[in-house]
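Following this line, the structures themselves.
Next, two complexes with subunit A in common: one pairs it with subunit B, the other with subunit C.
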Partner chain A sequence: MHQQKFLFPFLLFLLGVALLTTSPAAGATVSGRVVGSDGKGVAQAIVFVQALPPGVTPPPVSQSAIMDQVNKTFVPGLLPVVAGTEVHFPNHDQIQHHVYSFSRTKSFELPLYKGEEASPVVFDKAGVVKVGCNIHDWMSGIILVLPTPYYAVTDEGGQFTLQDLPPGAYTLACWHALSQVKVEETVQQVQADENSPEVKFTLSLATARPHPAIRGARGDR
Partner chain B sequence: MSWWARSRLRSKIFCAFSALILVVSLAVLGFTQFIVSQQVQATLRQELLTTGQVFQGLLQEQAERLRTNAALLAGDFALKKVVAPASDYDPETLASAALNYQQRIGVDLLWMTDENGTLRADANAKKTSGTSVATLSPLAEALQSGEATTAITAIEGKLFQLVAVPVLGPDVIGFLVLGEEINDALAQQLEKDTGSRVTFLSHAQLFAASWGPLDRERLFPDGHIPAMLWDSQPNTTMLLHLASERFLSLLVPIAAHLPTPLFALVQRSYDTALAPFYDLRRRILGVGAGAILLALAVSIGLANGITTPIQGLVTSMHEILRGNFQQRLRVNRQDEIGFLADSFNEMAAGLEKGEQIKDTFGRFVSHDVAEAVLNGHIPLAGERREVTILFQDIRGFTSISEKLDPAELLRVLNQFFTEVVAAVEAEDGVVKQFTGDGAMVLFGAPVAHDDDPARAVRAALGIVHRLASLNARLRAQNGPLLRIGVGIHTGEVVAGRIGPDERVEYGVVGDPVNLASRIEGLTKEMQATLLVSQITAAKLGPGFTLGRSAALAVKGKEKPIEVVEVLAYEPVVEESHDESPSLIVSPSLTDH
Partner chain C sequence: MGARMERQCAHSMNRLALLFPLLLGFFLLGAALPPAWGQYEVEQEKPFWIRGLLDVRVAQGGQAPSWTDRGPGKTRYGGRSTSLGFERVTRVALSQLAIEVGGTLPWGIRAQAQLNWDTDINGDARPSLIEAFLRKEWGEWENGWGFQTGVMNIPFSLEHVGPAWTPQYTLSASALNSWIWEEIRLVGVEGERWQVTKAGIRLDLLTGAGFGPDQLGRLLAVRGWALGDVLSGVNSDLPLPARGVQTAIFYEEDYRPAIYTWFTISDERERGALRIGYLDNLGDQGTTGVWETRFGMVGAILHPLARMDLLVQYLEGVARVRSPSNDSSLRAFYVLLSYHYQGHRLSVRYDDFRVHDLDGTPSTRERGDGVTLAYLFEFGLHHRVGFEYIWLHSHRPTSMPPDPSQDGWQLSYRFRY
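After this line comes the complex of A and B, so read on.
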């Protein structure tokens, strides 16, 4: 299993080399910014390609991802994956966890387990999957299942860059955990080429509120 | 004159006493009623306010219980699976599951909604799934905050206390709404807990009440809420009537999500609370009536105690006025009444003795004589004693009386006798009787002096002297001039009370009396004014100037009587021979 960790970057590397060598012209970059209604950049927003231009075939990507459980927390808290990815939920705590999701996108349950006993879960449908632990109410993670492998996470300033896009007309969308704007309503058409325009998404964010279950002491934390 | 002035003292005391007791009793009762009703009102009001607070507390407690139950239920993983958006339960199964949960925690209402507030299951199957209840409190607030919220609200005309809690999976995947109906049973439970009647109502509707159906119909006919309820401010008490019973009532505002404010009408029977006082009032009235009767009896006794002796005094006074001086009061007390009675008795005794003296001696008794008689120094039973008897007569009275009209005659006579009495009393003699134009005077009875003969002669000389002045006045008035003759004799007589009881008088009996009278008769023959017997003359002592003497035959006496004319008296002053002596000389004695 540990070999997989090294296998994934290696494959990515090989893929990059192949792309660079075989198609130097293919590699449009689309960048832009996600801002809130107050005009400030929104971090941790995910901008992704909703629909590919006709004829563009997405490159093969890793079919596996990991959402770890460390110190009774899902790590990472937000995991974007491409549809079809199987996600492993290893438990690196000394206690058991009971990972579940009731989301429409993917509903599953991994009854009490430790270490890497649990089978991976395949997320084959794009959408938001909220993951929790039955015995620790405060544990909350999100797996964002994306339709294509082209996506970017905004930095602190709300900046994002989608790289290596084969030229063409793309449909972009934006998602954020606190966004009050539905993903479908963020959809924008973008022509990706050498002079791709700057793309701007404006999201209205709900005020982050403490998770109800986080009130009070967090057990042994 | 007013009734009060006319009425008797006893009636006055009686009335005043009764009125006072009545006023005091009523005042005490009125004051007690005022104080007690104030206190009862204050106590009831406090109890009602406490009840109001208890309600708030109980409702809050119920809300907390609901919230806890709901939170526990919402944390149940199995429930989460049921509620989860991905769950594939069909609506009937969901409703059945909801009913199961409802029965598990024993609440009146249990709803499951999705994360947007759309109903998925109603345990009571009253609302169809798919209905949005997102605007209903407290779900609306829970949707906003994502936290458990509670509220009192009306659902289809029924009052519910609801709690809405989010179901987390791990984010909000739905809501659980639990509710307890605020109904008659709850109101009755509250009444049991607090002792106050409870009604939950708004301006628009009566929701629940602890009243029985009959009372409820009386208070709220056809569920109609009387407008007067809203006249008072919340948290201030008012008195509401139900049939013949009064209820102290308080409107306690209850926070609720209703179109019009919700109140708990808390009521306690004012009359029941006052019942002990009413009982007390009955007792007070009973005791008061008894006290009034007792006080009346006492006042009658007291009034009698005061007025009976006074009445006796009044009666006795009437007797005294009628001349019955033997009248006495028998009052055995040491107070003012006793003093009054004693004073009256003393007064009556004084009057009686005075009358006795008057009866016995006539009006002309000197103070000393009266004193001696009253002190009992003079035995009135009869005794032999030596007295000097003076007879006086007006010369030629018959011719004078013929010349004068009767009124004038009496006026002159009275003027004369006034002088006679003055002269006699000056020497402590007693005018025993007036005999038309003359007088009989005693010296030595009833009070004896060492020098009674001298006193008698001085009195005679005094009469003669005073007559000179009187004649001077009579002359000025063109009246008749009076001349008199006086005879004096001294001898042993029997003195004492003479006559039947009703006409008893002090008198002397004996030959010397007759002799004195004879001597007076002799003055005509001797052309003398004042003749005394030799016996008297022998007892005169110094200072007297004697004139002629004679031995005259007297009727009924074998021996002639020796008489001496007295001309004047000059007191003997041994130390001062130089001073010219005052000489009592009868003018008439010097005339002839």
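After this line comes the complex of A and C, so read on.
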């Protein structure tokens, strides 16, 4: 009787330890590379899941992101976010900026401001949002609003890794700011499981249009 | 007739009955279609841009007519002469109408130009060419080079940093910077080098040379200092007190270029910046009508608090001309404190200015000081209203009267796009 008195708490303790030390089942990983028409890796491409398999519910993600303004430059210049994210546009320059976008995906304007006075903007629709400053014409940034939280940005070698994908069949697509290949032409169906194949995207990139800035003393306004 | 209408009605109903399932099917099919991809396309950038600015004022200056009306007044908008003397006038004026255009040329060259219409300065609808230049830069913010050529201002004003080169903190700039933008415009070239050191100090050295300012200094010697927001174009002629006399902004007789340099040292985030400038027009006094003018300048911009700007600037120089001799030394100083929060900005500035006569008659002597108080409010995306009051005291023995009343106010509405 005395032994039974301690048995239940002991079992409860063991159950607790088991729960604490057991990690949730890790998802599948899909990795691959984005290359240009010359076979070299393409950096700053974004590979993303366009459509989730039936029954897969995406995990909750941060609903807030920041596109800063430093030295009359948007930082980062390319910001991928999930639809529904609110983006803050602090201005850490000592001059005022007038941030705007006339993109179809999201149109907005933030009147002249400095510091962290501007209200955040919610990006609730997937697509590309080009951001600029009405005072400093050379300032240009892109917010890529994605339909799911499963995306990856390629490194300098063009490599990417999509992690923690629940097993299933996914529709992947690849985007790059200078790509001449339309996103729908990059779509690939991939089975995400323990033996996910390497995925390769090939893009043809246009030459970047220069944005001649004024970084010298004449630009201090 | 009635049966025919009934048949037509029944026929229409049948067509609608067929149409409804078709519309429903189309709607359902549309709903089931995969998402459109067009939203991932990056819109093409336009290689050119255009911006505009319109500023309308209701203004009441001092009793004396403004210098823009060839009077002794020190502000842009003054009073008028009557048979009983001077009297104040409240007027509505188009203070500025500006168009800025720019674009990207091959090899990453930047092209930019600005035209202003200021009817009270040129006296007609002739536009003033404020600037028109080509610029090329190499490098990044931390380390780079720049080269520029064309019609340019000199970048010495710490206040003219608003859209279309308007004063940012007040409606009227200080005496010092008003003069910079009234009388100095040139056609030339300049080079620039900047670098951020390992200690996080940003150094910027700009040096240039250009033609045009052979009469630089004449305005200060003959008219004296003034407070305003006049932006002269390279093709402008500014009125002088004597009837029918004016000074040309671009006047090149000795074919010797003016040289200037502008050095800036600041922390990487520009919370504080010290600026030093020097200009010498290298004027040849042996050439008729050519002034020899040079001046040095030192200024600082500090942001002691996140929403506070503190500006200090000092200028000292000399302007000489022969036949007739009219030499003067020039000095101006101001300190400006500005607080801004969201669209609101409140600024106060103290000005002090002097002209010392160096060679007797005709005397160019002048001394004066003043306080400017301004409140500006940006609202919406393109609108700004502003109010400014200036108390200004000046003494210039050759003016009539030598101590004109100079307090006045301005109400401004500005639209920019």
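Just so it is clear, the second predicted complex is superposed on the first by the 186 of 221 C-alpha atoms of A that agree within 3 Å, B and C clash if a C-alpha of one lies under 4 Å from a C-alpha of the other, contacts with A are read in each partner's own complex, and residues count from 1 in each chain.
Keep this in mind: contacts are C-beta pairs under 8 Å (C-beta built on N, C-alpha and C of every residue); 3 or more make two chains touch, one makes a residue touch a chain.
What you see is a predicted model; the values in this text were computed from it and never measured.
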For the combined arrangement obtained by superposing on subunit A, do subunit B and subunit C clash, or do they fit? clash
First (subunit B), second (subunit C), both or neither touched by A:139: first
Is subunit A touched at more residues by subunit B or by subunit C? C
Could you tell me if A:107 is touching subunit B, subunit C, both of them or neither one (first, second, both, neither)? first
Would you check which partner chain A:117 touches, where first means subunit B only, second means subunit C only, and both and neither mean what they say? second
Could you say whether A:62 touches subunit B, subunit C, both of them, or neither, answering first, second, both or neither? neither
Taking the superposition on A as described, I'd like to know which of subunit B and subunit C A:131 touches: first, second, both or neither. first
Based on the superposed arrangement, let me know which partner A:94 touches: subunit B (first), subunit C (second), both, or neither? second
Tell me which stretch of subunit C runs into subunit B once the two are superposed: 44-52, 80-88, 134-142 or 404-412. 44-52
Interface residues of subunit A shared by subunit B and subunit C, listed 98, 100, 103-104, 130, 134, 137-138, 140, 209, 211-213
Okay, in this complex, where on subunit A does subunit B touch? 98, 100-104, 107, 130-134, 137-140, 209, 211-213
Subunit A residues touching subunit C - in the complex, by the definition given at the top: 50-51, 70-73, 92-95, 98, 100, 103-105, 109, 111-115, 117, 125-128, 130, 134-135, 137-138, 140, 142, 144, 147, 173, 175, 177-178, 182-184, 209-218, 220-221
Within the complex, which stretch of subunit C touches subunit A? 34-35, 37, 39-43, 45, 47, 49, 51, 102, 104, 108-110, 135-137, 139-141, 144, 146, 148, 155, 160-163, 165, 168, 192, 194, 204, 206, 262, 264, 269-271, 273, 275, 301, 303, 306-307, 340-343, 378-381
Parts of subunit B lying in touch with subunit A, wherever the complex brings them together: 75, 77, 80-81, 84-87, 145-147, 166, 168-171, 173
